[in-house]
Amino acid sequence: DGCMPDARGDRSKSPAQQPDPDAYLHVVERREDGLVVRGCKLHQTGMINSHEILVMPNNSLKEDEKDWAVCFAVPVDAPGMIYVYGRQASDTRKLEGGKVDIGNIHFGGQEVMTIFNNVFVPWERVFMDGETDFSTMVVERFAGYHRQSYGGCKVGVGDTLIGAAKAIADYQGASKASHIKDKLVEMCHLNETLYGCGIACSAEGRKTAAGNYLIDQLLANICKQNVTRFPYEIARLAQDIAGGYFVTMPSEKDFNNPDIGPLVKKYSTTQNDVPVEHRQRMARLIENLTQGAAAVGYLTESMHGAGSPQAQRIMITRLVDMEHRKELAENLCGVRENPDIDW
Amino acid sequence: DGCMPDARGDRSKSPAQQPDPDAYLHVVERREDGLVVRGCKLHQTGMINSHEILVMPNNSLKEDEKDWAVCFAVPVDAPGMIYVYGRQASDTRKLEGGKVDIGNIHFGGQEVMTIFNNVFVPWERVFMDGETDFSTMVVERFAGYHRQSYGGCKVGVGDTLIGAAKAIADYQGASKASHIKDKLVEMCHLNETLYGCGIACSAEGRKTAAGNYLIDQLLANICKQNVTRFPYEIARLAQDIAGGYFVTMPSEKDFNNPDIGPLVKKYSTTQNDVPVEHRQRMARLIENLTQGAAAVGYLTESMHGAGSPQAQRIMITRLVDMEHRKELAENLCGVRENPDIDW
Amino acid sequence: DGCMPDARGDRSKSPAQQPDPDAYLHVVERREDGLVVRGCKLHQTGMINSHEILVMPNNSLKEDEKDWAVCFAVPVDAPGMIYVYGRQASDTRKLEGGKVDIGNIHFGGQEVMTIFNNVFVPWERVFMDGETDFSTMVVERFAGYHRQSYGGCKVGVGDTLIGAAKAIADYQGASKASHIKDKLVEMCHLNETLYGCGIACSAEGRKTAAGNYLIDQLLANICKQNVTRFPYEIARLAQDIAGGYFVTMPSEKDFNNPDIGPLVKKYSTTQNDVPVEHRQRMARLIENLTQGAAAVGYLTESMHGAGSPQAQRIMITRLVDMEHRKELAENLCGVRENPDIDW
Amino acid sequence: DGCMPDARGDRSKSPAQQPDPDAYLHVVERREDGLVVRGCKLHQTGMINSHEILVMPNNSLKEDEKDWAVCFAVPVDAPGMIYVYGRQASDTRKLEGGKVDIGNIHFGGQEVMTIFNNVFVPWERVFMDGETDFSTMVVERFAGYHRQSYGGCKVGVGDTLIGAAKAIADYQGASKASHIKDKLVEMCHLNETLYGCGIACSAEGRKTAAGNYLIDQLLANICKQNVTRFPYEIARLAQDIAGGYFVTMPSEKDFNNPDIGPLVKKYSTTQNDVPVEHRQRMARLIENLTQGAAAVGYLTESMHGAGSPQAQRIMITRLVDMEHRKELAENLCGVRENPDIDW
């Protein structure tokens, strides 16, 4: 797991300005054999099933914020590490014992509040200590890869949701309606746009001076910015196609109840050759993805993971050469007379 | 409660074509003293806290579908009535005993599968029986009022969500950022557009031949069509402003735990003068409204309640005078030479 | 004509800060019998066919900007008035002598740079002179009415464009395609939303202390904000439905040319019973409305007329009670305990 | 020039069904030395400055439409070729003799009705004659390349328009306003999304059996579908930033007029160090790109060039494997039990 976002206290204050210095993870002691750090990294996806933690600063740092300019790795079971599991919508359905209402019966995920309560890091696992000059570069590059990665990750989830919408339309007998077909096309269109953006980041990648390859940073931010929008629209369209049953359907316990179950099944049947349980399961999957535990990953993580939308806009501003574009326009309308222009 | 949507079985088939005739509620017996009906009305909001049920047909009916052209009222405890409570996202949080994770601590709602298992209705409470000619009018008028009503109902919820977004931005210290202010304006703009549409339906209402006043049907459908879109965008913006904490925050049990609680609180504190519990509660309210039990009412009901989006589009097609608009254009460009036109 | 927007020089400076004090119209002399004013009002729609000009300040003014706080009326032919006609896209088509390429053969409009070159105004026609305190109120109220009025004005043009799209789809044989029908519905939906917003402003109007009725200011700004968006989308959809011929069609002189005309007509014919000239005229009307002289009024005036989009957003911020909404949220999640709340 | 779209007569009829068989270009004679063809290709960009014409069928063809399944090349001056230049918005400004009102003073373009009036084609330049089986493949591949190409072509124009918006905001003193900066970011975001889609088509290109490389067809259609939307929004934002002056500004003749010119200049000056002519030229460039001759290429060609939006949606339907997505969903919720699935 790669850890970036700190607790951050008051969002309008920088690390050194916070009343609580631990609001951003920082070095509290420098020993002969290593560092001791304290702080908290929020929102860590899949932390509980990771082996190692790679910690980076949250953001650009000023010269007097050396203690926060720290980058290191520790194993997940290092002394002083504390993990607090985050709640998700409908999380306790996993504990109910059933097999239907959970939606996605095979997979799930978690985000974890990851507390470094005076954790010791030996020097050989410290990669940065005080180099505030490089904090921006570390943050931007890690965020860049993370932003691109969503052009794959969220597209896969999107494919599943598209498939779920298609399936339920088939089960309910609505898939021949032209508006349903058109909405499925729109979902695919949006999803493939994200995919294309992800691919483009790599295709435009370049070799750095150090010899490794770096994705195109501008396109990575473009990719992520779209990810903050399109999954929400895809989910909206999925809800349209699904109909309302996925939010009003009785519990699976009602379906299995000897008294009421037969009636619930009777009135949930759509076509004789579609088992009612298929519809039930698919509706729950759509609920899971658009309004349940998986919506955390498909929607809110699409919004904030790898940085909130505004973070990308700041990067776009920084990476687009606006003056060059202004010159293009000035050349075309004759404001700028440039004998050297090559046309 | 006013009941319209039936179980409907295969969506591509009309009532009489369904393998199970009960897929749409219908008359199964005509007695001297009244009717006996069977069927199921889905998605009934607030049914459990209603006193009376008003049943109407689901849709336009053909001449040979007289048995489905039935409109009547029964008390909720009429013999044969069966109610199956629908599940909502995170519904069991209400049973956990806490006061924070539930989000909205005062209110909630329910949708209920409402089964009419051979229910007797005395003649004096039967308002329509077999008048297929009028089924379209009943459906359109009831749906019209229902569609308009969302220009009030969903706007109120929207106001709350806007307020929650403002509150959490204040608590977290982000409310002075220009993009936050702009997103709040956008949320208000969209919400007030819905409000305006709702008001316009009434303002353009007209007296019917029968003497009662009827809202403008076209504008009611316009209103609802916007309701199928804007709350989703308002919710998306609320999630942007809120940050990711509302989907990764630990349980209130963790906050109250004597061992881990103090650390969870420490790292959830944003400003010294904002009690951490305020942030916690507000985050849970935003979760509740955009991804929890209240999202059923704020989002999915906005989509399907009073008819799915396509239902409004069909009505708009029917209610807009396209030929008149075509004539306007033909007059202006000289295709049609109309000496009588009054300009 | 009601005149508001001044020349304004540097947009980041207030009237008194401008290098040229005439950048905003102001009083240059106070005589016994009246005022002398100098300045320029831009973008005046229909000025050339008006009788009287009503001049108001452009914006809120500070105490030391008394000379700009002036409101008065003059006849259009007052000495010192100078009018410079603005250019519009394809304006000279009106001078070509034809009857087809002009698009809208009956009507057109103009915006006029209106220069007050030391114009004398007698006292009885001066309505405000130096009352900087009231400048905000004058500006906001005039703008309010103006913003609402677009809920009628632009909707009428929209109806015509919808009719033109329907007509050309009929002529070209595409009107039965489901995507065409759906796009027409969308155009109507957007257009009627604007209409609804306009109506709502009046319906929510209130009597002022002075006894006149004032529209609802918030809804007027909502209305206009939508007007800065939807006509652009309506025009985009019209271009989709129209096909590309309206931007590649030969001149009407080519159609009438004895050599080439017959071939041009042959290859422009779509259906035997649709005169080729009908298609030609309708295509030109669509060009006129979306990319020609009338696009000035339908699109750019929808954007800036009665104030640019950001002007409405500032007003929305001012008129929405955000603290009230915050309280609603705080009540619901228990941050605020209010025993007096009426639920 | 590569020629595809025919005159097409009634859009609801296929080539063989048209009353006029020439509505789609076809073979009218088969001679020993070659073919004679007749018909008309519409909307040919840059035809007048091409050397050779490559003609392809317009669409998929049925077995009995062999005469329309023809593909060949001719030089532009082949006997029987007739070109009719299309009109564009404000086209005659190029003839007015000025240097400002034309907007883009260096470049322009044209679309041409290209009539094949019994044109002879020798056999060695005939590439297809009657192979209806291959018509779909030819059409789809040519269209694919064409659709991808817009991910470069329209992005370049977009860059210019972004630069023009930045320039005019600088000239007018508005470029420090946060909403202006944000709108420029949005324009860049949309434009770079198109660029990313274009790049992705190539990056995902594959070697065909014949040995050449073919772009990814699905992504090409995704790219183009976005091109039918984003340039319109970019243009809308440019108009917002520009202010209204670009549609109400007097003629350059007024600026140069000895009487009125000085006043027009005075009231068009925004900042002392910005020559008024710079603002004037930039405003005209924005008019040119969003509402003038170049809007044909930037907007309407973005809509219809390489196929109308619906054409891409049909291709997306065809190219997306919906059943695979349905299986993904069915696996996840347990409708399908697949012991072989690799997770």
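So that you can tell them apart, the chains are marked A, B, C and D in the order they are listed, and the count of residues begins at 1 in each.
The rule we apply is simple: a contact is a pair of C-beta atoms (placed from the backbone, for glycine too) under 8 Å apart; a residue touches a chain by one contact, two chains touch by 3 or more.
These numbers were taken from a predicted model, which means no experiment stands behind them.
Visitor: When you check each chain against chain A and chain B, which touch both of them?
Guide: Chains touching both chain A and chain B: C, D.
Visitor: Once the Cα atoms of chain B and chain C are superposed, what angle does the rotation have, between 0 and 180 degrees and to the nearest 5?
Guide: Rotating chain B by 180 degrees superposes it on chain C.
Visitor: Looking at B-D and A-D, which pair shares more C-beta contacts?
Guide: Between the two chain pairs, A-D has more contacting C-beta pairs.
Visitor: Averaging only over C-alpha atoms, locate the centres of chain A and chain D and give their separation in whole Å.
Guide: 35
Visitor: Indicate the whole-number Å distance between the mean C-alpha point of chain B and the mean C-alpha point of chain D.
Guide: Roughly 42 Å, centre to centre.
Visitor: Averaging only over C-alpha atoms, locate the centres of chain C and chain D and give their separation in whole Å.
Guide: Roughly 29 Å, centre to centre.
Visitor: Of all residues in chain A, which are in touch with two or more distinct other chains?
Guide: Within chain A, the residues that touch at least two other chains are 179, 182, 313.
Visitor: Please categorise the chain-chain contact pattern as a line, ring, star, complete graph or other.
Guide: complete
Visitor: Spell out the residues on chain D that touch chain C in their complex, using ranges where they run on.
Guide: Against chain C, chain D makes touches at 7-13, 19-20, 22-23, 40, 42-43, 82, 84-93, 96, 101, 111-113, 115, 117, 172-174, 176-177, 179, 228-229, 232-233, 236, 239-240, 243-251, 254, 260, 263-264, 266-272, 287, 291-292, 295-296, 299-301, 303-305, 308-310, 313.
Visitor: Would you tell me which residues of chain D are touching chain B in their complex?
Guide: Contact set of chain D toward chain B: 178-179, 182.
Visitor: Could you please specify the touching residues of chain D with respect to chain A in the complex?
Guide: Chain D reaches chain A through residues 99-100, 103-107, 159-164, 166-167, 170, 181-182, 184-185, 188-189, 192-193, 195-197, 199-204, 218-219, 222-223, 225-226, 277-278, 281-282, 284-285, 313, 316-317, 320, 322, 324-335, 343.
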